[in-house]
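Two complexes, one shared chain (subunit A), two partners (subunit B, subunit C).
And now, the complex of A and B:
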């Protein structure tokens, strides 16, 4: 019985405390978890053992809270992480017509629906079916990554070439954005090769290796765009009811659950990619389903990936959270799994209740200050975070990442191409020729 | 069908080739990449290459600074008159109207054959996600009208709505009775959607491989590319528009079976999901000593039938009071809009 209260207290503390961090733009949960792991290891070195019933539910609370509450800075402050890539555009459109609160809450409902999906549908069946699929798929992950890359590159629509007579001029006008997309993918991929093979980041913060690049690729360009081009945000109104029904929630869970679940299960595939594929597979064009589905997808992606580590008979390490926990503890029993599932349920409920007041608080901030100033402060926080964790080297990496991340903004291509930073080097490594290519690049 | 459905169908076809799995287990993903790429390639050829080289007789390019539906109607009427005077096939391009980085003025062209008129009306301003901007619906209440010298008969229900990115092409095909058939996106499925083209591309692959002495990989690729390209054509043939199946030996599209619309959400999802299950089944079959044994029927029961029934049962419960009706789309229109949608 004492264990029950310890777990409950830990997950509650993790959730409540982390809600402050979740509202900060640009701070990924894995960065904070990394620091927590270092702290736990430090305590263990001094002979103070932290029991798993304390840190595992606490970390669960952090991940669950972040995947839900981080919708607020993603949508309202325009500083998305990669998995929120698709949410942000329609989410910001809600903001620009004075309905930022509604956009945030629709995404939050999606996250809660994702929690139901994970706890009530996935969790009971995962121990029975996921090991079966793992057996068949384990030698084939590399080509799945390659076909995802192929689809990402082949499915982008040429944005130009809309006017004028037929011919090469029209063709090149159209292909400008496509070539910029391919260029972004390749440059990001090269950056990934460098960071994964010869990272300039100090080995003491090796777990933050890729963070500055991600911040540069995804968050900084968004902030810069807001600062340069953002019109004044109109006064925001809140509402007591959202224009959604059970059918919209069900269809959101369908598309978001598929996308997030796929991303959680596959190595390196992130929530943004899962969302892209599920969006194409389910063909849902309704904007509310789109926004809510991304809430589902982000939750299932981050929390599902963490949960898979604890599934009996599977114990799959996916996502930074699972890898960090593995350095401290190896899940062994069904009791661990039940503890995680219960922690997810508790934390999701608490986090959902906190989103509304936190969103209102943030909107009050936006109403009070110029949106450009809010974006500037968000950018400053991001820069400070990167510097605090990785120093000048990290800032340099973020600056390079920003250069690459601005290409899609300037040429109107897909921002998802920036994911080449992970997809390209990892796909090469998994297929067995990553080292050869690294050798060609002089990185061995 | 939609691009992703074709892509996954191509990968599924590739998974039926034993050499794809064998090579993949040795770290070579090329046959699966070829499968997916060939699955989507017919549409890629049309939408990313051919349409930019397709010349038009009349280009309707409205001035964003001076929006006038009458000018558009006059230009469309001029195209029809050109067809009557010269008695030939006319290609008409309706260009989009970009108002800003993320804003487009929507307009709709409608043929009223009873009154022998073309009507043009402006809709709302939409963003690039095709979502109307509130308050812009009735900014231009006037309707542009122009008299037509002949009727323009729509052979299928394509909506002539122009909004984001590129606008559509209309083909005006003269009929024996002096009127015109309207063909939506005449450059689409003209030559690219032919079984012969898949084989031709396979031959190119074989030629390239033979240069390096890889005859076996070349032959395997030839078979795989032909089949994966063909699955796209076969799937499209289930819809309305059809394809020009044996170009250059055939000149016109063979009409589809009318079993579905290319934009049907259920049909597309089923194509993707069944493809995933077939890929999974083929990978499982290739395991030398599988721990878990199951049949294809059981796989489909567990992964398709049961969750499908649960989903539709729930959906029925949630929507039974609303009497929800799903509007059927048109083949070309759905493909056209789908290609443009979801480009985040």
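And now, the complex of A and C:
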């Protein structure tokens, strides 16, 4: 019984404490989890062992809370992470017509629906079916990744070229953004090859060697754009009801669950890619489904990927969170799995209840402080964190990543192309020619 | 023009407070940082800062990437001791300098793996299929004892540690020096050793097409004739294969046994080299000059010579023998490896052949590095060490890995489990927790556990109990033979897990198929 209370307290503490961090734009949960891992290892080095019943539920609470509450900065501060890519435009639309709170809550309802989907639908069947499917699919992952890459690049469409003078000017107008997308993908891929083969980050903190690049590719560009752009947020209003119904929720769970689930299960594929594929597969055009579906997708992707590590017989390491936990603890029994499922349920409930007051509080802050200032503070936190963990080298990598991450934003292509950082090198490695390419680059 | 546009544009609700450059001058929609409206395609004039930042981003991305690439290219990967690896080093790209603890094993997918140790710890090395093919082609497949320098990416979890070879270019192998022996001196006691032999090729047989048989080559010297076997990979590596028949050659072979018979396997085709007439003459002269007897074996006991050549009875080792060097023979009951990074020794429990007496044998990582065949449950070992007493307990401390020798990996000749002691399953209850029992029954469907497996065992009366077999305790060959529907006798200890009674199989050959 003592274990029960320890787990409950830990998951509650993780959820409540992390809700503050979740509201900060651009601060990814895996970055904070990295600090937590360092702290746990530091304590262990001093002879103070932190039991898994404490840190695992706590980390679960952090991931669950972040995947739900982080909707607030995504919608209200316009600094989404990569997996919330598609909520930017619809979310910003809500914000720009004074309905930011409603947009946030619709996404939050999606996250809650995602929690139900994960706990009530996926969790009971996962131990029986996922190990079998993993066994069947594990030899096919490489070509699936290549198909995904092809789809990402080919589904980028020319934006322009309809008007103006014929010739190169018109050609450039049409293909400029596509070229920017391909350049982004290639540059990010090159960065991935460098970091995965010869990361300049110190080997002593190698578990975070991709972190500065991700911060640069995704977090910093948005903070920078928020700071330099002249956009003002119009007055926001709150509401007691949401313009959704059961049909919309079910359709959102269908598309978001599929996208998030695919991303959680497949290696390297993230929520944004999963959302893109599921969006095309499910052909849901309704804007509310789009917004809510991203709530589902984000939750299922982040939390599901973490949960899969604990599924008996599967123990799949997907996502930074799972990899970090694996360095501290290897799940051994069904009891661990039940602990995780329970923790997810408790944390999801708590997080959802916190979203409304936190969203209102954030709106009040935006009223009081210009959100460009909030973005400046967030940027400062991110920079300090990157420096603290990886030093000057990490900051340099983040700066280069920022350059690449700004390309799609400024040239009108998809930020998804930045995922070339993992997709390209890993797909090459899985196909057996990653070493050859690394050799061409002089990185062997 | 701009004034005209601002007069005529339609500003959407909520957009009134935006500065001009955030909205489309034509349709009035919010366009953010874009300089072309994604809705109507109209140009949106931006302040200089935003246009400049676009090209600054291009510059930062390209120049920064070039610097990053140069930085990575010329960076020297750190040389890390295995014992210094920490959890925060997961995914680190490091260099290792150590010794192969085991021969490389080929996996079903064509990849390879072996264990590397550097005196501070050991790590499993994974080699991809393509890399394995390249290593085979260049004759760099590691064998136990070879010096290895490599670079790779570390994967650490709280239970396992491994490193994935980054590139075959960075893989440097220095073969452990092998003794040159006469063919007649190659005997079963060299099992696991790699030696160099030379002689005249008297016969060379390729396997028939489609056959799974290996190539075989008969080699003869003045002490006898032996057959050396090898596979297509090694055959392809042999440089002068066409002139092999009838030529005098030198080659490196691994000594092993197959179905109880001595087997000589060619380690790699690149080691096959012709022996010139001068070399052959010099060698024969040296052999003729040298006494026929073997050179005395090197003393690896570090000054503690074995005083008794006969085996000491395991039960006869007492506290007052502290400091004495003794030699024992017994079956390994269990092996307890120290935790990663720990300075504790490996503890092996050795049982007498009758299973009644036990002795704990301790050795440290440094010692383990040179053990040819690491102790495994169920195997018979010959161990020489110094009697030690720690906290009142007698144990055998082994200072040299050469003093731990495998005698036999075959199961004991007598029945491993005394079936006459079998008792019914329904007699097992929580009150018998910790008691030793013998059960006879039929195994049900297995359930894999991390580090073992459990089977339901149903006795003749139809009562069932779960029996757990741990890999570290029950020999792997025996564990692999177990299957659903097999009738077995099991010796184990009663335990309770999740409120239910179960039996954990004892160490060693504690399960005996009865079919």
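Miscellaneous remarks
One rule holds in what follows: the second predicted complex is superposed on the first by the 429 of 444 C-alpha atoms of A that agree within 3 Å, B and C clash if a C-alpha of one lies under 4 Å from a C-alpha of the other, contacts with A are read in each partner's own complex, and residues count from 1 in each chain.
The rule is short, and it goes like this: contacts are C-beta pairs under 8 Å (C-beta built on N, C-alpha and C of every residue); 3 or more make two chains touch, one makes a residue touch a chain.
Not measured: the values here are computed from a predicted model.
Within the superposed three-chain model, A:136 lies in touch with subunit B and out of touch with subunit C [touch as defined at top].
In the superposed pair of complexes, A:171 makes contact with subunit B only, with no contact to subunit C. Of the two partner chains, subunit C is the only one that A:330 touches; subunit B does not reach it.
In the superposition on chain A, contact of A:97 is made with both subunit B and subunit C.
Using the contact criterion defined above for the overlaid structures, shared-chain residue A:432 touches subunit B and also reaches subunit C. Look at A:400: by the touch rule set out above, it reaches subunit C but stays clear of subunit B. When both complexes are overlaid on chain A, the residue A:234 reaches subunit C alone and has no touch with subunit B.
In the superposition on chain A, A:226 contacts neither subunit B nor subunit C.
Note: residues 93, 97, 159, 162-163, 229, 432 of subunit A belong to the subunit B contact set and to the subunit C contact set alike, using the contact criterion stated above.
Against subunit B, in their complex, subunit A makes its touches with residues 85-86, 89-90, 93, 97, 129, 131-133, 135-137, 139-140, 142-143, 146-147, 150-151, 154-159, 161-167, 170-171, 174-175, 178, 229, 245-247, 250-251, 254, 276-277, 279-285, 287, 414-416, 430-433. Those residues of subunit A whose C-beta lies close enough to touch subunit C in the complex are 37-38, 41, 92-93, 96-98, 159-160, 162-163, 187, 190-191, 194-200, 203-209, 224-225, 228-232, 234, 313, 323, 326-330, 332, 396-397, 399-400, 402-404, 406-407, 409-412, 432, 435, 438-439, 441-444. Of all residues in subunit B, only 2-5, 7-8, 11, 21, 24-25, 27-29, 32-33, 36-37, 40, 44, 47-49, 52-56, 59, 61, 95-96, 98, 101, 127, 129-131, 134, 165-167, 263, 265, 268-269, 272-273, 280, 283-284, 287, 290-292, 294, 302, 311, 314-315, 318-319, 322, 324, 338-344 touch subunit A in the complex they form. The touching residues of subunit C, counted against subunit A in their complex, run 12-19, 21-22, 30, 32-34, 36, 38, 41, 47, 49-50, 53-54, 57-62, 64-65, 67-69, 71-73, 75, 77-78, 80, 86-94, 128-131, 153-154, 156-160, 166-170, 448, 450.
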